[in-house]
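Heads up: the structure comes next, in structure tokens.
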Amino acid sequence: MDYSQFLYMPQEIGLLLVFLLVFIYDTFMPARMGKHLPMFATIMTALYTVYSFFPCPDSWGVAFGGMFEANAATWVMKNILNVGVLLVMLQSVKWTNDDFVSVRRGEFYELLLLTLFGMFLMISSRHFLLFVIGLETASLPIAALAAFEKRHYESHEAAAKYMFTAVFSSAIFMLGISFVYGLSGSLYFRDIATTILGQKSALLILAVAFVIAGVGYKLSLVPFHQWTADVYQGAPTAVTSYLSVISKGAAAFAFLVILVQVFGSVYAQVWQWMLYAIIILTITIGNLFAMRQRNLKRFLAYSSISQAGYIMLGVIAANQVGMASMIYYVLVYIFSNLAAFGVIAVIERATGKVTIDDYNGLFRTNPWLAFTMMLAMFSLGGIPPFAGFFSKFFIFVGACQTGSVAIYVLVFIALVNTIISLYYYLLVVKAMFLRQDDCVVPYIDSHWTEELALTVCVMGIIAVGVASGIYTFISQITASTTVAPMFTMVG
Amino acid sequence: MNLTLLMYLVPSLIMFGCGVYGFLTRKNMIAIMISLELMLNSVDINFVVFNRYLFPEQMEGMFFTLFAIALAAAETALALAIIINVFRVARKVDINQLTKLKF
Amino acid sequence: MPLSYTIAVIAIPLLMFLFLGLVGVKMDKKLTGVLGTIGMLITTVLAYGVALTYFFGADQGQMADGVRSAVVVFNPDWLSFTKTLVVRMGIMLDPIAAMMLVVITTVSLMVHLYSLGYMCDHHGHAEKGFQRYYAFLALFTFSMLGLVVATNLFQIFIFFEMVGVSSYLLIGFYYQSPAAVHASKKAFIVTRLADLFFLLGIMILSFYTGTFDFDKLVFGPEGANSLEVAQSAIASSHGATFLGCSVMAWALTFIFIGGAGKSAMYPLHIWLPDAMEGPTPVSALIHAATMVVAGVFLVARLFPLYVIEQGAMEIVCVTGAFTAFYAAAIACVQSDIKRALAFSTISQIAFMMTSLAVSSAQGGLIEIHGGHGLGFMASMFHLFTHAMFKALLFLCAGAIIHAVHSNENSQMHGLHKYMPITSIAFLIGCLAIAGIPPFAGFWSKDEILVACYAKGMGWGIWMSMVAGMTAFYMFRIYFLIFHWRQHEVHTEHAPSDQPWTMTLPLIILATISVVAGFVPAHDLVTWDGRELHTQLNWTVAGSSVLIACIGIGLAYKMYFKENELPDKLQARFSGLWEAAYRRFYMDELYQFITHKVIFQGICKPIAKFDRGIIDGFFNLLAAATGQAAYGIRRLQNGSIQSYVYLYLVGALALAVITMVCVLI
Amino acid sequence: MEIFSNILIYFVIVPVLTLAGLALCSNKGIKAIRTVAVTGATVLVALAIYLVYLFLQARGAGDTSEMILRSDVMWFEPFNIKLALGVDGISVVMILLSAFIVFAGVFASWRMNPLPKQFFLWFYLLSTGVFGFFISIDLFTMFMFYEVALIPMYLLIGVWGSGSKNYSAMKLTLMLMGGSAFLMLGLIGIYFHSATDGQLTMNVLEIARNNAIPHQWQLWLFPLTFIGFGVLGAMFPFHTWSPDGHASAPTAVSMLHAGVLMKLGGYGCFRIAIYLMPFAANELAWIFLTLTGVSIVYGAFSACVQTDLKYINAYSSVSHCGMVLFAILMFNTTAMTGAVLQMLSHGLMTALFFALIGMIYGRTHTRDIRDMGGMMHIMPYLGVGYVIAGLASLGLPGLSGFVAEMTIFFGSFEHTDTFRRVLTIAATCSIVITAVYILRVVGKLLFGAVQDEHHRQLTDASWDERLSTATLMLSVAAIGCFPNFFVGIIHDSFLPVVKALGAMI
């Protein structure tokens, strides 16, 4: 075996190194050094993030007989996830140092990094075995993370719910894969694509449905979404934010790769309409549930469900613009959602308040927190000049580029839904700015790491949209020769 | 007598069905976990059988099964741990008590 | 250009308005009044200068081969709708414009002077809003002058609106009395309704003729009204018709309705009596002498068009004739002196309208140069004389009201002893309006009657009868005020003649009313600028004087000395009397239409519909969404097994549906 | 960057700088805040006037290009989205209008509290959007600025409003956003059919030049865009946000919203819907003519029975803005010129109205005309101002309303088509109804006896209020007295679109 193949996965290896360092620090450092571990892990991750920003195009290619592929798109996607994880870590430095969780703070970071590793595998795998391994690596630790707040019953319930549903969905997923295997006799994406070209057997349809269900579970698409709200609510906020952006982003990318590269040849016959229905359901039901939520974490859970629906618009487009705008959407979404969760985390850590009514009059006492939250809400709601507007517009454009009237209708439904979503995003703004309350949250002096994280998010929200270079870059990447062949199959 | 593909597939699917049924009906979390195992194992059977009957020239299915077994084991371990956690808090392993978070 | 200073005649009142409105408010009240009057005096002098230069100017520049032609002093573009259809703001002088300049400035000056006294209480302290009053007077004068010198139809419309507004402001001068506010509102809205038709008329006319300018509509090459031009203007519609009538007939009728609104023709007259809520000098200026004849002026402006388009002309004629009688009938029973005068005004304006309308072009274009051209001249002449003596009458009424603090003639009686000058002035006015030679009214009214007889015996008789009624009701008022019985003094100081500021105008106007009849109108204000050779028609003159005398005699019999006769008659014809006193219930009718039908029947339902149905729909959408959100919450019932169940069902459903769609 | 040599960009930069300046002020330093706000507004006015000068100069120099001061900067290269600037006569006057109203608005909210700083921040964000919309001719940027202008309304009404402000703010925002949902789809559709040769573009001029949108697509995209903008133009039946929104909004916001924001609707309808899709415009004009014709009469009638001053004005705005869209749909230069004049007139006049109402409300704390009376006696300045605004609104010659309405009526009547004629006559009738409700208010509110004795010791306008209203009154009179100046600027800008429409018939 040619070990030089490992050079094709520099980002994964770098990540493993960080993991090992954190692990060693956690295991061998004396206890008094323990309180520095969060900082250490964060700095390590930061260094690694910076390192992996430098592209090494000579490392882009296919390894392990086509199991693993690194290319410009995966490189960008992984960097985006790195940034997200870094932000999550920054936000949780203070939290992991408080008494209840401090004993296990090491595990938190280790599991976080491992999960990220799993996602990298999902993103880069071009073989279902590797993909399943990645998927499980990305999802099992999260159950442990969800159960992190030992002293909260909700935490356990969330973990249990996640666990059981996750295992169930992976079983379904693997069943689907087994069908695919039975049909094509291979687990390599490209082989499958060629063999099933033009087929439309019941088994194939069933297989596709199960695969969509399996990955849709991680993306929390309706009707595979129901764990989302409960887990988001029950899990510690840091974990929730991680779940809502990082794993969603990774899954979205993987989903696109699978649907386009594996089943692209049966796009029109098989999965276009499945996805069509799913998108409508996801956006609408997510919005309808979000309207009524009082608990902000649960609220954001549902909002993230409907956001997933919007992300799927980039998938159903199944073209280069769709992919570019989807990656861009994920980037913007990471900044916006992490800003929101960052504020929630700060306030929950300081006062333990998470319901929307606790935010009444927040603007009077914590103007900056309120301002950040407002920007996040506007960006999620797609209000210019914030990044969310651009990502929404582009993803709609990407979808409409297919030119089919059906997709125009889909986009229209999505647009109508934006009004509902705007309604509940404004509810938060309303609570913070318009409402007055006697028992308003007192002034909170947040830790500098949290402030740093929030500042980065705010800058992201404001700059990522207006600075057109970012999207242009992503677009060029997805148009590059290493990625473009993906879409040749579609049709 | 020689066994055909279906003779393996049908039982494995039945197994999977049983797993699903058990998952949906059992109250005890352990039982539910067992039915999950059933489902996963039926998937393994599928892979092996497909490999053996349809594509005997290479071993992908077999390898997948091996990994799948390992993953199933990991999942079981984690699930047990969580069930124990829940038991610590609630003194029960009844799945119906996990309905605090809803709507 | 010798007449270029005409612009000053227009500009001074405007500047005066701006000055008094912006600066004057801070100044001493009396001072502003005096300033305003001086300004008006200058304007008047200039206006007389203009008129004299125009009519008898040495250079005779505007006199081309015996035709007194129109002179356009200046005429810049103001608003261009299209390259061709352009609204201009200009000054044009022709016989009637010049005459109107004289009328307006004279009356306005008198009123300015008069108001110096009238708008003060007995201690000579100026009332509140004195400056505002003079500012508005200036504004009105400006608008009215702008109206008469208009070079195009649209400019007339513009100044129609302007005079409407200034009249609104002046009627509502006592804005704290609800009656005044209501009256002003009524006046504005009724005239506005008329203006709507005016506007439609202009729209139609300009659409077909492609111009607003008189020199393309009515003025011939030699700058005087020409039937040929009018003919071609009418022809430009190429016989287009609407509902059977030619569009031009519609246009001219609509335009006439516009004029009828301002000139208070039936049924648009209802605002004028209420307008008497304003200060009396204002009534004299606006609602007796000037603004109310704007309609007549408008029809006179477009005279050739109407002459060609006989259909419209007939409408004018009938409306005029009927209104004359209708208003006179009401005037006979009014007890409020100003109301009575108002109705007499309506009746007199109707006279002018009719006499315009009896002109016709039957038998080709030649005949208009003969007898029928008389109507135009007579109407304009009557307009002139009537302005003078009606203003006189109103100012007298003002003096009386100022003295006894009441409009009801039951509060007056026998004032002759106390206010002799006023009494004599009033008498002169009455004689003039009744048409007793040699007073002004006689000459003009006589020629009107001649014109009417020329149209047809019936018309003549009808109008003569109205003339008789005029004599009757005017003297009824006169006797009731100044004689009938002793005046019982219930204020501490007896009524007396007013200060010179108020008496002087009376004297001046009275003099004019006496002599105005000898103005050679038939030479000056003919429709085609040519001299019109008329001689007194003895039969008509004699008969009309006779009828007038009968009317006066009747009034004398009934009202000179206190007696039972009036009450008897009133009891005898109580129904008729009541109806006439209530102005034949026209106001009630309008009340019903506006309040019950439009306000209650249209506005309120629409408002309800808006809030209920349309707004309700959007609220319903929101509510429905909320309900849906509430309804589906059961999906998330927290039990893992139901989650998984839904998961499975969802996946299978996707698969099955796709199978059904794809495979079958 | 060469774009900074283009004066237009400064219409966005100046408000943004003002935003920054305000952000630097402390919450307490009211003086500093005012200074910054006023400076910004004044610079904008100066810029706007200079722009008019430049425009006239360019036209005078025989520059007949459709848009002057053009400059493009590539923004989102993959979609060929440019930061495309350019103005024609219409945008120029619109910018002038906006500048004046922003100026007046700043003074109208001189004594704004609480949180003056935040108020002005949102206020200037709104104006940024407005100006950006008017200077840009790229669909994407236009839409972006459009929404930038919309969203501040929520907080401006919600925080500083009165009455049922939460409900109104939410309603207004959602309905307008609903409109922009239609709009976004329409724009995307236009974008994908903007060219036949695959060079998709967002530039209005290029799209119009290519004229490549297939007819059956136009039939869908035209209603989407027209309704999208029509919602903001308060077109029946999408107008119901306007009464509630205006009733609850603070003075300056009502001014800016009715004065400028609602104009975005009319401007967009013309610039995007009609200009880019002349075929569908001709085909479907009758629908929207009916709707707008209805809104003219309907709004006027509804205004007759309202008792809340702001409701009356909101409904009269429905009527007047209906006239704008109505005239735009008449497809001839005269009527369209009238439409723009009406936008100017209505903008200034309504702003004046809302300013005065706000000032009266600030003193009496009621807007119900039944509780007020004889205000003319108590606060003469405001009273006179109100009368002037009223006369302008009912179309007194010499004030702006008359000019605009007459141009519209005569322009519309140029159409020989009977259907349009009938609608025109119906619309003309509104001048009477307008007179009715205006005089009703003036009579009840200003004249008559003083209803409430407490009102007697109320004061008249303060200097800032006088300045704010006087600016508007003078502008109203200026348009009314010298209409040809504005007509000259506007008129020719309509020739291209009229030509395109003519080609379709």
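When the chains are written out, they are named A, B, C and D in that same order, and each has its own residue count from 1.
Basically, a residue touches a chain if its C-beta (ideal position, glycine included) is under 8 Å from a C-beta of that chain, and two chains touch if they have at least 3 such contacts.
Just so it is clear, the structure is predicted and the values come from calculations on it, not from any experiment.
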{"item": "Pair of chains joined by more contacts [C-beta pairs], C-D or A-D", "value": "C-D"}
{"item": "Most distant chain from subunit D by Cα centroid", "value": "B"}
{"item": "Computed distance of Cα centres, subunit D from subunit A, in Å", "value": "42"}
{"item": "Gap in Å, rounded to a whole number, between the CA centres of subunit D and subunit C", "value": "37"}
{"item": "Centroid distance [mean C-alpha coordinates] between subunit C and subunit A, Å", "value": "78"}
{"item": "Centre-to-centre distance between subunit C and subunit B (centres being mean Cα positions), rounded to whole Å", "value": "98"}
{"item": "Shared interface positions of subunit A, touching two or more other chains", "value": "160-161, 164, 168, 229-230, 292"}
{"item": "Numbers and ranges of subunit C residues touching at least 2 other chains", "value": "633, 636, 638, 640, 644, 648"}
{"item": "Junction residues of subunit B, two or more chains touched", "value": "23, 95, 98, 100-103"}
{"item": "Of subunit C, residues touching subunit D in the complex", "value": "77-82, 85, 158-159, 161-162, 165, 172, 175-176, 178, 181-182, 185, 188-189, 192-193, 195-196, 199-200, 203, 206-207, 599, 602-604, 606-607, 610, 614-615, 617-618, 622"}
{"item": "Touching residues (chain side subunit A, partner subunit D) in the complex", "value": "321, 324, 378, 383-385, 389, 393-394, 396-397, 400-401, 403, 408, 411-412, 415-416, 418-419, 422-423, 426, 429-430, 433-434, 468, 471-472, 475-476"}
{"item": "In the complex, subunit D residues that touch subunit A", "value": "75-79, 81, 140, 144-145, 147-148, 151, 154-155, 158-159, 165-166, 169-170, 173-174, 177-178, 181-182, 184-185, 188-189, 191-192"}
{"item": "Sites on subunit C touched by subunit A in the complex", "value": "625-626, 628-630, 632-633, 635-636, 638, 640, 643-644, 646-652, 654-655, 657-659, 661-663"}
{"item": "Contact footprint of subunit B on subunit C as seen in their complex", "value": "633, 636-641, 644-645, 648"}
